[in-house]
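Some notes on the structure that comes next.
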């Protein structure tokens, strides 16, 4: 069966055009539709925003759960987030298998995403990052605390995943489903977890929110480190205040609009 | 009654053109005049300068008291400061009601502005920000001190507003006039106040000065944190020195000229 | 007498053209010559380089001693360094009087320059700055120390000028010759002095060297603060090592070439 | 004998063209071939990437061992790394003599490279830098430790070279082969060494890896300093984890591709 589909190509020059693919697709192939799939557009924007804001460098990734098939998720092929276009987005099942990879290679650590989507039906978007400001907390026994309303979700608690305690000696990478399951277990019901000697994982119910959380987790880490260095008594945002604040599902909407405009330039 | 008016549109490309509005205006509508109202021009510039300098990100706002009607103030519609143009400026009364909103939405926290203008006849411009360098001091019991003449106003003292002490459990936002009044009460006669778990408010007698104070409050916070980390004895700018320095009403004039040229590019 | 002169205008767009001035000049007027005076070119470049590198913001200044008349020095009119062109350069005598100001206003603190040139025949270039990284050391009793060879001159010692100890209550500004003399006295034979609650002054035998010293004084301050925060024992560059290193008069030549190319873009 | 050769010129505008040289070359001249020598292309890219990422400023250098003649290495003439093109690359023997310098001057400290290539047959690329974040560790007795997998090589240990202990009073520069040998001895079999009062040297088996290590050594230094400032217990990447991670020879391949695209813009 030949399935004609169109892809939206967002070039770094800001020019947008259509490319056609006539590849034969397996049954049960990607549920995403034509050229203007807003989920793919947002996923491409999310990649570029996180690179622009310094949350991701050449490494790290962002994924989103498929709307049509909740047992699938979308993630770029193995490449630098800053360069991702719609044509680079692959669909994966919850075992971390690409549905239609063709000649495109997969991120080694895609199991971070697959196992979190499996364990957390409420999660619709996942970021894995190595943001420099988070590494001190990932390696330290000083817990992250919420500094202000823009990072209220931190008040839920940010557990630390130590791969050595979960799986003994490794090269620190989440290379398979078992390591992904161990990370998802440490994450539990929380919005984010740090990974010792590695980085962090951030989850949310939408792309704008997982991008917003990732960006403000970085700001919060720097602010908390600075507050500790001042040497005084610190009053953090408390859990009940944070819960009220987080009831606003569109808390990063205004920021998301600005970020999207900036990466579209 | 049909009231033909013209607005100055300052585009991000730096091109300026005129747009016409023929909307029916209520009696007692905006006192601002034609296309070249310098107050609106400066308010637009202030929005963009604070974004350029990293004092504001997608959130936060700057307002100015109306020259013609001191019981009114001007503030952008709910949007990212970096994108504000003259067409986005609304006029508000001191209850926080937009005079001519049409389909334009208002910032949730406009009561920060309205209640400070009500309580402080000397104040003609207000900035509300979440600058990252201020959050450590907002959450700490270490008071801000003036590090140098560019931030001499800090020597007046920067009180901290804890919304929980003023109003019990909230989502941390200044959502109504009562919360605005509580904040204005903490601010008292000072040039700035920190807001625990949230950010800061800065006031002055003009747009250039409130912008200058906001930018140098950020520099001062970083310098003070660094001075504390050095571990020695610190000699801050003293109140009498600061008072002399602040007698120069145009202390940020040269900087303002530069900043305006930069955002006009 | 009408004196036709040409000025080199270095525009921010990088375009260079000639402007003619036919103003009547007093006897003994500026010794600088035609359109391509390399000293003025370097002074303009120095202004822009220090702005580009973040050593100067809208405030602060750089001057150079006149080659033809060592009792004169060149300094921009009162304006932001980033915007200075050759047409903005004024000549001053050692009392801080502009030789040919016409309608151009002078920096209030030009006495920093005049009194240092008077006291220090070896000095041919002076920078006055408020670089944020220097303020913590200017207010602290922790002395600056040389961290590496690029800032070897710091090993000579960086005294702190406290205007209050020299002149009692002021607005912190060096507003007259007496305050300038007091600052020059604290500077003594050193390459730099900090100013409590204010900033710093840096001197050298050439524009490239005073620019290089100003830039690496900033880097050195950040590195020293970070070294102190590590909490271990620090081995600074020693005075005898520094003296050997400083014997190279062209130590910033390669950097100067790069900086000039960058601001010419 | 006249030897016609072509050089690849990589302009800062991204335009690439060919230049011809008809200089007479000595027997045993440079082994590098025509216009598209990928090693020279990568060396030029490495210079520009390290400048773009702030690892090098106007000073410092990167070299690569010749593929054809392992007793030779390639290094730019004495200039700012940001401006290096293929025509600026010289070939050196292991005594630090340029094979065909013509009128091009050499870096004073080329002996850092020559003596490391002599002592370490496994090393194929060397960076010498003065990155600001490394200076605090170079001057301190607090050892660098590996914070995360992107800088796993730090777990091998980063010795500190104190030129005073090796050679008594100097101007801190590695001016001759003896000083180069002393540095190489301190480096031993390690991937990097700090230089007290000076900077660092980083080595690897390829240009992408030495560039990657230099960039992430900088990130690691900042993260470690921040972790120490948090005041808690820190769990660093352990040597056995690092060894597993470092077994991936292409660990910086994805980053290298991104960096090369960025400097080619």
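Which chain is which? They are A, B, C and D, in the order written, and residues in each are numbered from 1.
What we mean here is this: a contact is a pair of C-beta atoms (placed from the backbone, for glycine too) under 8 Å apart; a residue touches a chain by one contact, two chains touch by 3 or more.
Values in this document were obtained by computation on a predicted structure and should not be read as measured data.
S.K.: Using direct touches as single steps, what is the fewest number of steps from chain A over to chain D?
M.R.: Counted as steps through touching chains, the separation is 1.
S.K.: Angle of the rotation mapping chain B onto its copy chain C, from a C-alpha fit, rounded to a multiple of 5 degrees, please.
M.R.: It is a rotation of 90 degrees, to the nearest 5.
S.K.: From the C-alpha centres, identify the chain that is farthest from chain B.
M.R.: Checked the centroid distances; the maximum from chain B is D.
S.K.: Could the interface between the copies chain A and chain B be described as same, meaning over half of its residue numbers are common to both, or is it different?
M.R.: Looking at both copies, the contact residues mostly diverge.
S.K.: Express in whole angstrom the distance between the two chain centres, defined as the mean CA positions of chain C and chain D.
M.R.: Between these chains, centre-to-centre, one finds 34 Å.
S.K.: As a quick test, compute the distance in whole Å between the mean CA positions of chain A and chain C.
M.R.: Each chain's C-alpha centroid was found; their separation is 48 Å.
S.K.: Pull out every residue in chain A that's touching 2 or more other chains.
M.R.: 229
S.K.: Examine which chains touch each other and state the graph shape they make (line, ring, star, complete, other).
M.R.: Graph shape, chains as nodes and touching pairs as edges: a ring.
S.K.: Using the touch rule from the top, collect the residues of chain A that touch chain B in their complex.
M.R.: 146-150, 152, 219, 222-224, 226-227, 229-238, 240-241, 244-245, 247-248, 254-255, 257-259, 261
S.K.: For the complex, give me every residue of chain B touching chain A.
M.R.: 57-59, 78-80, 82-83, 130, 132-133, 135-142, 162, 164, 169-173, 196-199, 225, 228-229
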